[in-house]
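Naming follows writing order (A, B, C and D), and every chain is counted from residue 1.
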Amino acid sequence: MTAAVFTDPDEAVAGVADGSTVLIGGFGLAGMPVPLVDALIRQGATGLTVVSNNAGNGDTGLAALLAAGRVRKMICSFPRQSDSWVFDGLYRAGKIELEVVPQGTLAERMRAAGAGIGAFYCPTGVGTPLAEGKETRTIDGRDYVLEYPIKGDVALIGAHVGDRMGNLVYRKTARNFGPVMATAATLTIAQVRHVVETGALDPESVVTPCIYVDRILDLSATEDSR
Amino acid sequence: MTAAVFTDPDEAVAGVADGSTVLIGGFGLAGMPVPLVDALIRQGATGLTVVSNNAGNGDTGLAALLAAGRVRKMICSFPRQSDSWVFDGLYRAGKIELEVVPQGTLAERMRAAGAGIGAFYCPTGVGTPLAEGKETRTIDGRDYVLEYPIKGDVALIGAHVGDRMGNLVYRKTARNFGPVMATAATLTIAQVRHVVETGALDPESVVTPCIYVDRILDLSATEDSR
Amino acid sequence: MSTVEHLGRGPLGRDELAALVARDIPPGSFVNLGIGQPTTVADHLPAGSGVVLHTENGMLGMGPAAHGDEIDPDLVNAGKIPVTELPGASYFHHADSFAMMRGGHLDVCVLGAFQVSARGDLANWHTGAPDAIPAVGGAMDLATGAKQVFVMMTLFAKDGTPKLVPECTYPLTGLTCVSRLYTDRAVFHIGRQGVTVTETYGMSVAELASRLEVPLRTLGAAE
Amino acid sequence: MSTVEHLGRGPLGRDELAALVARDIPPGSFVNLGIGQPTTVADHLPAGSGVVLHTENGMLGMGPAAHGDEIDPDLVNAGKIPVTELPGASYFHHADSFAMMRGGHLDVCVLGAFQVSARGDLANWHTGAPDAIPAVGGAMDLATGAKQVFVMMTLFAKDGTPKLVPECTYPLTGLTCVSRLYTDRAVFHIGRQGVTVTETYGMSVAELASRLEVPLRTLGAAE
């Protein structure tokens, strides 16, 4: 089904189940869908596994979700940042599980989930603590670690503009994880700065085709349109 | 190094070694770089392994390369077409080796080569003759075949417009294998309808970043600009 | 719902068959129509169905075949036939296009077949003849990747042998992948519980059962 | 060419070190500069070098840091610092960006380090302290993927212990990946034949050898 367009963030995130794996886009704040994450906090789903490059900044967005105690486990590449005090506190208190994944492997594992790949041999991390316990294989003289897909129940991503069918374009480095996460989740919810009529986006420049997008939150109606 | 721009097809394909694996873009004639293939025939490299979706149409382009006896082996998904008489004749005469690969697996194997993936578990072809002799594995209850990368020594691709650094955009379904092959070859040679100054392409819409392109043939100077 | 026997008529014509398939594609679905007969299903999708067509050579939002001035050599379908673009279309490269298929994002694909087995195995890429040049294209990817695989074919070969069989004798395209089989003589749903006839055309269920070596279930039958 | 001892001077300052690395980046290279000190290498690339900077969060053709009105929250580097865009830039998503790295398409990456081993093993992501929160980012991908990995660091820790070591004691980032090591005291090339000192700063090769537990070769020395 092509996408449904929402103007109310709470409606856009309705139905997320407890225990879901939620993929949250963004690299730091660029591309981070803060209004959708805020709505997820209000929605109340708990026991979540969150997959995101970082583990929250400051006290808003993902950090607020963590602070609300909704996240059982973080899968990310770089939790430790200057302003990741919420995560740091939970981690040191033993209140959250952490899986650290090299950034490219994180992206590729989600791509694999979206692309129907069962597993792949990845050279990153061979011989390091992050490969411990993982299956390895030498192929053509090079060593690889076997990595498995990360599939999301829900993806929350931030794009720039969407059309009514759900086609998305991004802006500059805010693109980052959005297009990959959109392919890897059962339910993909994208916030966009504004929605245009179908046909207004250049078909050559669409980055995320509408097949990957289930719901669009149009921020132009709200003050979150930034 | 950023790309070198050529106006002479013969200079653009200089140096292709005998025995090379050559990835040739196109799906049928859409995106097929006929002027580059014609130049490769004049260049004379032989004993080639050619990777392309089809095995030549009519008597020009890839079909002419085959007819000239330069190709030892074809790796493709769909050799048999109404106008693939050149390939058909060579194959029936036992003069060419053929590896048939499902179309998506062909694309994914080249993507893996370009992306540094050592091998991947693919669900396509399980239980069919094309999986015979291949390693299989059951992951999460689903069966997969282990597939290995296809790396090219050279890629010949057709794009729409390039800039002087080598960034490429394509047009409609002529995009097909070009962007993937560009990532998978040691030497990527792209023909474009015309070359624009660096900065003239929208950075959001570049499909093949210049890092993947070594040489650009500018067809606007020739009558092949179609 | 019970199995419907349309007896006062002959087998379905090709257009009728295409219309039948089109009827069963849910509005708003993302669909890939295979080369040949499946392509004609597009002509029977109702206006406003919201069905979005995928072509594996890198496009969503494919429109009807191009004619005259519309013909653009850069815009073709998987059968290399010039086509058109609809509003909301997008283009992507081959690896992305097949990732879309393999990843289970297409709701339905419609394929032709040489044979379909009672388990839903599909044989549609190779006759197995020793001198045939093998050519698979995207058939295996579609059979493996789409959420639902619909097959349309004649139920019997020209020599009268059934093409719905206990086990495929032709080389396989995919295992247990076909969920619905549309033929000129009957429509079948294939699943874990076996083969269920949902409609027949110009032939009773009993007649059908006598000509097939496959156990048939019917809808609404007490078993 | 033989090893050059720059003795009439102290160790290299941070800017001098960055300039040294910049000097060794071939014109027209595709380069990723790691977070922190490596970022400063960009300031020393000569005008017209044609070096194209990659940032792993999805961009080629990254320009200098953004200031004032140039600052755009949608345009940041891997350190989340606002940057600018140069003509010929392109954007891509994370899987494509790391495919570019992992696939060996970057000519050079420049990274900082806690330790480098004589074999070229790199430790730069984790101090190994039991209460440290592990965070790897793109370090392992860069170490594994770039054609050449240049490391810049001080040769000795604050307590005087060498950071070029026989075996890393910190958790590893990558195995046998470092090809050149730029330090305030000396430049080293690392390869199958071992560690070769190419230049020293304010310290002789002999002095260097006496403070390191790693066998050192020199250029132009008869062995």
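Criterion: a residue touches a chain if its C-beta (ideal position, glycine included) is under 8 Å from a C-beta of that chain, and two chains touch if they have at least 3 such contacts.
Computed from a predicted structure; not experimentally measured.
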Other chains in touch with both chain B and chain C: A
The larger set of C-beta contacts, choosing between A-C and A-D, lies at A-D
Separation of chain A from chain D, taking each centre as the mean of its C-alpha atoms, in whole Å: 30
Can you work out the whole-Å distance between the CA centroids of chain C and chain D? 56
Take the average of all CA coordinates in chain B, do the same for chain D, and state the distance between these two points in whole angstrom. 35
In chain C, the residues touching two or more other chains are 85, 91-92, 98-99, 101-102, 144-145
Counting only residues that touch at least two other chains, what does the list for chain A look like? 108, 111, 115-117, 122-123, 170-172, 203-204, 207
Name the graph shape formed by the protein chains and their touching pairs; answer line, ring, star, complete or other. other
Would you mind giving me the full set of chain pairs in touch? A-B, A-C, A-D, B-C, B-D
Quick one: which bits of chain C touch chain A in the complex? Just the residue numbers, please. 28-30, 50, 52, 54, 60-61, 85, 87-92, 98-106, 144-145
So in the complex, the part of chain D that touches chain A is made up of which residues? 55-59, 72-77, 80, 85, 91-95, 97-99, 101-102, 121, 126, 131-141, 144-145, 171-175
Along chain B, where are the residues that touch chain A in the complex? 108, 112, 115-123, 137, 139-140, 142, 144, 148, 169-172, 202-205, 207
Can you tell me which positions in chain B touch chain C when the two form their complex? 27-31, 53, 77-81, 87-88, 91-92, 98, 100-108, 110-111, 122-130, 160, 170-180, 207, 226
Residues of chain B defined as touching chain D within the complex: 1-2, 111, 113-117, 163-165, 167, 183, 198-199, 201, 203-204, 206, 209-212
